[in-house]
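First comes the structure, then the notes that go with it.
Labels run A, B, C and D following the written order; every chain starts at residue 1.
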Amino acid sequence: MREGTTYREAMRLAIREAMIADERVFVMGEDVADYGGTYAVTMGLLEEFGPERIRNTPLSESGFVGAGIGAALGGMRPIVEIMTVNFSLLALDQIVNTASTLRHMSGGQFSVPLVIRMTTGAGRQLAAQHSHSLECWFAHVPGLKVVAPATVEDARWMLPAALADPDPVIIFEHSGLYPMTGSMGEGPVDLVSAAVRRAGSDLTLVASAGMVPKALAAADQLEMEGLSIEVIDLRSLRPLDRSALQRSVERTHRALVVDEGWRSVGLSAEVAASITESCFYHLDAPVGRLASAEVPIPYAKHLEEAAIPQVDDIVAAARMVLGGGMVRDGGIVHA
Amino acid sequence: MREGTTYREAMRLAIREAMIADERVFVMGEDVADYGGTYAVTMGLLEEFGPERIRNTPLSESGFVGAGIGAALGGMRPIVEIMTVNFSLLALDQIVNTASTLRHMSGGQFSVPLVIRMTTGAGRQLAAQHSHSLECWFAHVPGLKVVAPATVEDARWMLPAALADPDPVIIFEHSGLYPMTGSMGEGPVDLVSAAVRRAGSDLTLVASAGMVPKALAAADQLEMEGLSIEVIDLRSLRPLDRSALQRSVERTHRALVVDEGWRSVGLSAEVAASITESCFYHLDAPVGRLASAEVPIPYAKHLEEAAIPQVDDIVAAARMVLGGGMVRDGGIVHA
Amino acid sequence: MTVDRRQVLDNMIRIRVFEERCAELYGQSKIRGFLHLYIGEEAIAAAILPQLRSTDAFLGTYREHGHALIRGVPAGSIMAEMFGKATGCSGGRGGSMHLFDASRRFYGGNAIVGGHLPLAVGLALADTMANRSEVVTACFFGEGAMAEGEFHESINLAALWNLPVLFCCENNRYAMGTSLASSESQTDLALKASAYGLPAWTVDGMDPDAVAAATAKALTSIRGGGGPVFLECKTYRFRPHSMFDPDLYRPAEEVEEWKQRDPITAFAERLTLEGVVDADVVDAMWDAARDEVERAVVEAEAAPFESIDRLLDHVTTQVRS
Amino acid sequence: MTVDRRQVLDNMIRIRVFEERCAELYGQSKIRGFLHLYIGEEAIAAAILPQLRSTDAFLGTYREHGHALIRGVPAGSIMAEMFGKATGCSGGRGGSMHLFDASRRFYGGNAIVGGHLPLAVGLALADTMANRSEVVTACFFGEGAMAEGEFHESINLAALWNLPVLFCCENNRYAMGTSLASSESQTDLALKASAYGLPAWTVDGMDPDAVAAATAKALTSIRGGGGPVFLECKTYRFRPHSMFDPDLYRPAEEVEEWKQRDPITAFAERLTLEGVVDADVVDAMWDAARDEVERAVVEAEAAPFESIDRLLDHVTTQVRS
């Protein structure tokens, strides 16, 4: 009976299974132990595996992320949890200057088989310092692999794939998805391909992480107007599955990219540029981009909602692309 | 007699003038004092202004960048020097979580009139940890203004404009440009508009910082083949001067973006996406992107050169765009 | 400076009443996001903040309602902020973790643990460079912040440059669910701080008199040009870390033991014994605090939300036309 | 473990000869990028590294030619690396600042000041968790790194978790042009480190015997499960920070004074006086070192450059087909 598992439980199951299967695997991060994880992902694991392997750290993001890199170099398979992407800003030196470069700088002598999990996204009124969606920064860096599970199945199966990978893998979990239920499937899954979550022929909607359920809801709504929308879940943000995007848009001739991150120089730009490069002569309209308003995420609920793409915004933007128009540049202000 | 000033001297002159004009202005950073600045930009200023205003800091990027934010809040006009963008990874929490958000989070009560200068770019065989071009990360963040002087004139005049701005401004100086000579002009300059550095009608070449001289050289070469190339220097990376790009490409119908940063999810993606959005029905070919190979920059000279766009690569890519083709995705490996 | 001990008691009561009401309002979904209560720790803010001058600068953490209140930010504007209203002290953009008040040199409200420490250094540097004499920057932080690199870098800068900063560590023994002993190899925090070469003292943070006395000494030294001082106040939070915290990591008995040391009860008793107050005075304080908070709630309820058209305001200084 | 003092002298000579040749080759543009010489500081690597076992892990800074050499990385492969050749110990990708040798547990060569300290913690953690007993991770860094947050976070983790790390601070008094006194509010670095609750000692880094003795004691303690040890070696770099440094920040007399204390001269004299070596032995050491380096140069010259087709190798594990 696999229906009805939550994204959170799927993640926890994945960690637990990995720890049982391989004693080199351990979890390290702030409040992963007694507290049970900020988002309760590691709840109960301390009791089962003890404090060595469910290892609480002091508040020292650079220190424990770097220690994870070192432990990976030393033969372990650490799963480092950074509470949220907001705090990863304190650890970027280690991630970018060390984890992503070591293999290359050493001429291929060293692997860093490290998995970093962190939550991303807004939507909980946590305001500007707790609501970043900075996946795009990581997706820019050679030497990293970056994935964003948007389904319970990926929450369950991306972790073992990441642990099996000899290179550093960053898993972005969207904090809004933890209570979502769904089927875990049978696994395994890969870390490189995009998935068509819904087939369609009039427009390709590209989304990732927390935007996938919204894109699907928007597609349902548009279907009632007789429009056939294909929804692609990027799954892997680095590498991007450019050929999946190409295949889809060559059929639909139109695309809209939806991104919870800010618009300028973000993920949506790369997806739009990539589709345009590969499908230029197939496109009936410019690729649309719908991203978060270019503002630090405000606390007030109505302002926060207005800042982030909502289902209605996606519907409106899709209609715009279908009409051949350009999705308005800059933040969309919602009615 | 203003001809022949170097980019380095222009920068120094700008600092010196600002310090004479406004006693709230001071310089803070690693080795700005006795050492004279890693790139000798502040050489001689300690003697003139003393150690309070040419303030050496310990190695603590997060600490002194944050102290710069605090000093700005406290009414000073700090110029914080981060030696290179590579080390700014240690200060990103302060820049993104504090400097860029304070105004918004406080409902507009606080300004952060801080100027951060840092060098960027590769080309000096300094290898993976000293060769990043991460301008695109900063250009993604609302609340920041990001500029990249590519001429001696901008090196001279962007600083006073940045100091006059009530918001945090990041100035990226390309380390390869310091010895470049040119005219300083009369100033002032703005921090928001792109500049046409060379007019042309067949193709718009878009570049910034260290890629501008290369783009100009490539344009000269192509002119000998009878091709008329327009070269646009972005100058401001946030905000982007999207209308300047649009105006140019509406005339030329073709564009190639050249970027020293990595290709995926970088600055070139935004420029390409933006041009495509505004000029879709004017474009005769997909916007080309020529960026650095997706590899941590290697030490060996021939490998480093191969990793970064060179004049010949620009010429080749421009021909490709002019032929209606697509500039090859992923890193270009040079012949 | 001598503190008015009655005022200190009153301060504690005001914070307590304000925050207990906040907890209720959270239950009613009037307040959202993260809400971190200071209940149990009131003695610290109550005894230190009255000793600061209006010219001094102040920085707190995300657990800063009490500090804002005692700094003088009107309860109504704090409450409106937590309701997400346009009249809130941060225009509804900040919420509980980001209270600000420029007119009172209150620089927030910071939700990055340790993130405000470098700002404190910079503010003190600005005051020093501008020759604003006797001005102090007071920066409050939890003991959890001391493991962060930003603590290390900031306290070194302040000590190295002899800046007028009061570093006030509110050591409530836990950083979320992480106990001090599992966070610091050196749990004697004053000893740890003293290694940076600045005066570092520990006081009982449940005792407002002790806190006030140490603070007075520290401020005199700082205002006199003696450089930064580190003050550890040992305290305890009676509530979970935030409204999301299941509070599984500490024994209920430990919480109960500390609650026996409730700083308000203890201080009210002491002042009563000493004849400084009597039961009526104390009751009147509670009543006035309740009044204040109820007025704040009414004000916050009545206040307007910001127009969505102003979503993009305050990103950079140029306001959209 | 007792060190062979003749070997220590030989080690110092090998480093000196190697690096003086590097400086020449830099002048000839054979070596490019940054080049940081260790000249003057040789006693530290020369006396510590022979005491490490092949099972121990080692991490250094960008000033690590000497360490690589004494760790056993062949001079030819270091030189080839600096020439940017495919046969270099990092395949020509790293250069002077990024020497690596997996077979010797030599984890680099790191060019971010302080950036390797967390790695040391992690390596020691891995050894501990995998029950590899008596294994030590030795991590060398300059005194400038101690102001960085990464130092603070790393040493706390190591002490908190009682990990087998030797923290070796090469205090050469300057971080580029910044003197210790303008970098640290606490210039007694062992005192500063001891605040983390671990043994912390200072030794004369110009005296190989002192360094060797302190190291032996530290290693015994660490291998025995005593947790990390911090060792400050007071030293001086005779050359500018890098080949780009105009060296304006320190008086020429200061440099001269320190040069009088050249560790090689002094130690050779001491060993001669004690009858451990004689002039012939010492001469032979210099000759052998020169031979070694010349062979390395010839080897590096003759080595092939990496094919540009392999530019994208080693980014992720999957090699392009």
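The rule is short, and it goes like this: contacts are C-beta pairs under 8 Å (C-beta built on N, C-alpha and C of every residue); 3 or more make two chains touch, one makes a residue touch a chain.
Just so it is clear, the model here is predicted, and its values are computed rather than measured.
Visitor: Going by the average position of its CA atoms, which chain sits the greatest distance from subunit A?
Guide: Max centre-to-centre separation from subunit A belongs to D.
Visitor: What whole-number Å value describes the gap between the mean CA coordinates of subunit A and subunit D?
Guide: Distance between chain centres, rounded to whole Å: 40 Å.
Visitor: Return the distance between the CA-based centres of subunit A and subunit C, expressed in whole Å.
Guide: Comparing mean C-alpha positions, subunit C is 35 Å from subunit A.
Visitor: Let me have the rounded angstrom distance from the C-alpha centre of subunit C over to the C-alpha centre of subunit D, please.
Guide: 46
Visitor: For subunit D, which residues are shared contacts with two or more other chains?
Guide: Residue numbers touching two or more other chains: 90, 92-94, 98, 110, 112, 115, 147-150, 152-153, 156, 160, 182-184, 315.
Visitor: By the touch rule stated above, which residues of subunit B touch at least two different other chains?
Guide: Residues 58, 60, 62-63, 86-87, 90, 93, 97, 104-105, 127-129, 142-143, 294-296, 298.
Visitor: Based on which chains touch which, is the overall arrangement a line, ring, star, complete graph, or other?
Guide: Here the contact pattern is complete, since every chain touches every other one.
Visitor: What part of subunit C is in contact with subunit D in the complex they form?
Guide: The contact residues of subunit C facing subunit D are 147-153, 155-156, 159-160, 182-186, 191-192, 194-198.
Visitor: Where on subunit D is subunit A touching in the complex?
Guide: 57, 88-94, 98, 100-102, 107-110, 112, 115-127, 129-130, 149-150, 152-154, 156-157, 160, 313-317
Visitor: Which stretch or stretches of subunit A touch subunit D in the complex?
Guide: Residues 24, 26, 52-53, 57-58, 60, 62-76, 78, 93-94, 97-98, 102-111, 142-143, 145, 165-167.
Visitor: Once bound in the complex, which stretches of subunit A touch subunit C?
Guide: Per the touch definition, subunit A meets subunit C at residues 30-31, 33-36, 38, 56, 58-63, 86-87, 90, 124-130, 293-296, 298-303, 306-307, 331, 333-334.
Visitor: In the complex of these two chains, what residues of subunit C are touching subunit A?
Guide: Checking each residue of subunit C against subunit A gives 32-34, 81, 84-85, 90, 92-95, 97-98, 110-115, 144-145, 147-150, 175-178, 182-184, 245-246, 248-249, 305-306, 308-309, 311-312, 315.
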